[in-house]
Amino acid sequence: MVRFAVLGCGRIGRMHAANLARHPDASLVSVFDIAQAAAAEVAGQLGVRQAASVEEILGDAGVDAVLIATSTDTHVELIIAAARAGKAVLCEKPIDLDMARVIRCWNEIGSLDPTVMIGFNRRFDPSFAALRRRVQEGEIGRVEQVVITSRDPAPPPLAYIKVSGGMFRDMTIHDFDLARHLVGEIVEVSAHGASLIDPGIGEAGDIDAAMVTMRAASGALVHINNSRRCSYGYDQRLEVFGETGMLVAGNRRETSVEAWSAKGTQAADPVLHFFIQRYADAYAAEIAHFVACVQDRTRPSPSFNDGMQALRLADAANESLRTGRSIRITG
Amino acid sequence: MVRFAVLGCGRIGRMHAANLARHPDASLVSVFDIAQAAAAEVAGQLGVRQAASVEEILGDAGVDAVLIATSTDTHVELIIAAARAGKAVLCEKPIDLDMARVIRCWNEIGSLDPTVMIGFNRRFDPSFAALRRRVQEGEIGRVEQVVITSRDPAPPPLAYIKVSGGMFRDMTIHDFDLARHLVGEIVEVSAHGASLIDPGIGEAGDIDAAMVTMRAASGALVHINNSRRCSYGYDQRLEVFGETGMLVAGNRRETSVEAWSAKGTQAADPVLHFFIQRYADAYAAEIAHFVACVQDRTRPSPSFNDGMQALRLADAANESLRTGRSIRITG
Amino acid sequence: MVRFAVLGCGRIGRMHAANLARHPDASLVSVFDIAQAAAAEVAGQLGVRQAASVEEILGDAGVDAVLIATSTDTHVELIIAAARAGKAVLCEKPIDLDMARVIRCWNEIGSLDPTVMIGFNRRFDPSFAALRRRVQEGEIGRVEQVVITSRDPAPPPLAYIKVSGGMFRDMTIHDFDLARHLVGEIVEVSAHGASLIDPGIGEAGDIDAAMVTMRAASGALVHINNSRRCSYGYDQRLEVFGETGMLVAGNRRETSVEAWSAKGTQAADPVLHFFIQRYADAYAAEIAHFVACVQDRTRPSPSFNDGMQALRLADAANESLRTGRSIRITG
Amino acid sequence: MVRFAVLGCGRIGRMHAANLARHPDASLVSVFDIAQAAAAEVAGQLGVRQAASVEEILGDAGVDAVLIATSTDTHVELIIAAARAGKAVLCEKPIDLDMARVIRCWNEIGSLDPTVMIGFNRRFDPSFAALRRRVQEGEIGRVEQVVITSRDPAPPPLAYIKVSGGMFRDMTIHDFDLARHLVGEIVEVSAHGASLIDPGIGEAGDIDAAMVTMRAASGALVHINNSRRCSYGYDQRLEVFGETGMLVAGNRRETSVEAWSAKGTQAADPVLHFFIQRYADAYAAEIAHFVACVQDRTRPSPSFNDGMQALRLADAANESLRTGRSIRITG
């Protein structure tokens, strides 16, 4: 049994807390949020303790692992403190928006050989995971081209956009990780972006549509297609093209119902609305993987380094956007 | 080169005439229709002779084969006359609405060993034909169940319904033939029908929706699903279920375009509108098969007997409808 | 909070027990099975009491409802005893294999106005339920034809077949209920069956493939297609054809992955393997409906009468199979 | 009636000749090829004159239009000569591999106001054309992102690769035109390529896999995905994403047959093998458009300028590949 505390009781923290409560080998001990009412609500619903402070949790010998779902700017300090307290850490993406801080974080804790996992949920999506397994089993031979489509149903509030670190570090970072997960290290990044949806996003210095092209050390080419708005739901697709075949993982829908009429045929439902619905299974599998690693004392994946490399690609994409150049990634 | 005359210049006759004109090993010599204007129009368009009578055509040594596309009640006499004149015959379905006349027809010509083919176009549909080939190659093992869906876009005029011989002899006859083509001889027929679409059809003593169940000598069960009206086009599907798999042949559409929006996803075109569009390739392949048989002096298929057996199943379906009993077909 | 006891700790009983344990408004109090080891295991896993007898459970004022998942031959006596003890009852299908016993059961308890629900899970499948909702909202106009496909992945052991009551009462009964759920009362049943899969099934006097045609009081025609074996998984499909359109609910798969290669394109996973996987959501929704009805003191559906009517259709199908006649259902 | 001569009797020339022979408003008068045997064969099959020289054709007052399907290096001189001779010209893509020569070509003939159409067949594909029509009718609002997938079944011989002008001018040029056709003028091009399939292609200085990103003056982003080899056939897809929806045009297959088995479900045919099959309808529609324009004295499209602009994008893609920079296109 792995005993957890959850830091951060917003939408994601709550979902993780509920998944922990359901997992047979995990138990949720306590929760914390600087918004005390949010923490109290979760604690009440799940029948667990509301901690008065992070320090209380980190000092609790009855807590084996912390799940960090607080705002991004607090991740680094919480990871450092938790690692020093000997807790295993599952931290939501991104580690931080500032690479210098990410590097410092690891410098502070690396020698402790901590158990740290970064919450890139898509690796755990059953369809994406099955696709990757088949690729690794050689079903399509050498991977030559990857197309990742990721479009959110609607842009977040402008207030969030302004502190998000920009589209690449906030949203595309999932796709950067998925690309590395599929084809290994990336050596070149080229990015294009535009503000097509909300002029306010452009005025805030950000983009809301993007196309990124990358080259892997393996030679494979990767295309990422992003939009902050998508009329038909949360568009999450993956296409991997290899020498002897192609594997694609499409969207998922609430039901299998299709309509046929004079207006059209085989019309299916809109796709699942957003990440909480689409990646419900993935979030549960992510928790299961982390729990198993803590129990078996094996390294969870995605690792801290995976979190760092995804940020490196986001930074390179921003540099490409600024300079109009293809950016080489150097070890 | 097989030299043809076309008898009957209605919609189907014209289509056949155009296909003959295009076929490299066929030539269209002459056409006839009791409606002289129709024959004149086709003759003019295709640059062929308009015959003054059937006799002129049957007496023409420059005609090898006749394609009969006249009204059903004339088929038997034309087949007899053409066979006696030594012409190969491709006759539109059905041979006749009256089994006694069909039997008499064969009694008159059987000893001549005539080349007679009945125009069941669906056998030549590229999808249905490919499906059957794969079944015969053993891809799904023994065939256990067949589901044939055949729904017309809209009912014909009531005037036609009244002389059509009823839904089973007019429309389902295609499905009876397709069933025999797939699973061999049928030994039992059970039919249900209803007038759901147009009360006038019911008042005329006919049905406009039907479900037929049949048992083959092989043991396979067959379901036929018919409707005289279908909002999304001409619904033509085939499902063959066997011990090691299932093969299905779906509808075809004008384009491959699919629409995704807030209202639905993967919405495709309506299916091809009616038989002229859906079975365009099939009609051309039917002509090609007949031409090849005449050239090679081999037996074309579907044969006169196939036309007779399909009518036998239609008659059995009518008897089942009347009696509420499952009808045994005896050799 | 509705407090439950589960009678029967086989595969289905365990699944229901786990669903009850998860439901926020239900609590599982105790379990019973004549196989004490099975009951002990479930009681241990879920931390609930193992009752020594059915009587102990029915006498327990702390139990509001019983879920009956014992063998079919015990259902009637358990329903009667539970109803007399004032417990709400959720009983697995079928009520019994013998209509006389089913009628007697209701005669014994009807005057108690008991809360009894029969576990026809398919009504609660999200896709079938969404399809039905759209039909009822008028999306396709009047329903004219229904095609229900239900094929099990593999036949049950012969020992089970022999006590199953035959395919119609054991397997097709789900489809009979689904048909009534979609089109209302059925007035005519015609059935065909065959033993195509396992000769032992035929020798046991049963069939392993069936096609049933029914007519509803509304005029709609219904086709049911059953097989005891299906190479590609648990084939569960529904097609409802109406005057202005068609709604279909297809199979569900583990992932959305599709493979493209020289051998074929868009090849998807086999369909979900069997009812525990395919109807996982349906079983949870079924429990939720029953819990809500007990809490709100409303009538759950499917009712005892629904269970009785489905059996009536199964009996009519058997009679049709025996007589080769279409059987009228009289009120 | 538009009277044609076909220059070049290779695979494409023959196909065009056959399409001209079938078109009701076109007549094929003569053909020419420097390989006299090829020309003789086509002339014989179609019953037309084999011209002894290009000059003979251009001097023939009975020829209204020439279809140029010779090798690329001869296009410019033939266009100039034909325009000077007052013939309408339908020239296969590309106009030439060298932009200077293309510009010179127009300088020589522009003042003659010639009728010149460039054979970008994809504009005439029924699915792509229907998709574009719906985009222009506003079905998906403003176009934001376009993804063009174009993968050939197998690379051409190395000997061809060496004179092809490189992948962008030889193969991607179709996609450049399609992009312009959909979103209008392009202002920025960024290209990545790799030699992943045949090392010989890399040694010849060319690439066999490419990803191109472009920005349109409208703001839309465009991704092109190319491969010189595709195991499952000729992969030709189009995805257009807009503010209120997405339209996609998928691949086409020989039949609608799908296979279901223990290995997988809904497995369809490989896609149509290559351009002659996939774009058969498109080539016929292209001819029909040109014939109609010549008859009506309207400007055919794609125009000479369209051919020039597509080449400009190919050149920009090559420059991007060489420099690692995003290339601005200036009027």
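By letter and in written order, the chains are A, B, C and D; residue numbering begins at 1 in each of them.
Definition applied: a contact is a pair of C-beta atoms (placed from the backbone, for glycine too) under 8 Å apart; a residue touches a chain by one contact, two chains touch by 3 or more.
Given the structure is predicted, the values throughout are model-derived calculations rather than measurements.
Asker: Going chain by chain, each one touching the next, work out the least steps from chain A to chain C.
Answerer: 1
Asker: Please indicate which chain is farthest from chain D, where distance is taken between mean Cα coordinates of the chains.
Answerer: Ranked by distance of C-alpha centres from chain D, the top chain is C.
Asker: Quick one: chain C and chain D, Cα centre-to-centre, how many Å?
Answerer: 58
Asker: Can you work out the whole-Å distance between the CA centroids of chain B and chain C?
Answerer: 42
Asker: Going by the touch rule set out above, which residues of chain A reach two or more other chains?
Answerer: Residues 231-232, 244-246, 251, 258-262 of chain A touch two or more partner chains.
Asker: Chain C touches which residues of chain D in the complex?
Answerer: Interface residues on the chain D side: 231-233, 251, 253, 259-271.
Asker: Flag every residue of chain D that touches chain A in the complex, lowest number first.
Answerer: That would be residues 142, 144-145, 147, 149, 151, 188, 190, 192, 194, 196-197, 209-211, 213, 215, 219-221, 223, 225, 227, 229-232, 235, 241, 243-246, 324-326 of chain D.
Asker: Within their complex, state which residues of chain B touch chain D.
Answerer: Listed in rising order, the residues are 22, 126-127, 130-131, 134, 139-140, 244-252, 254-262.
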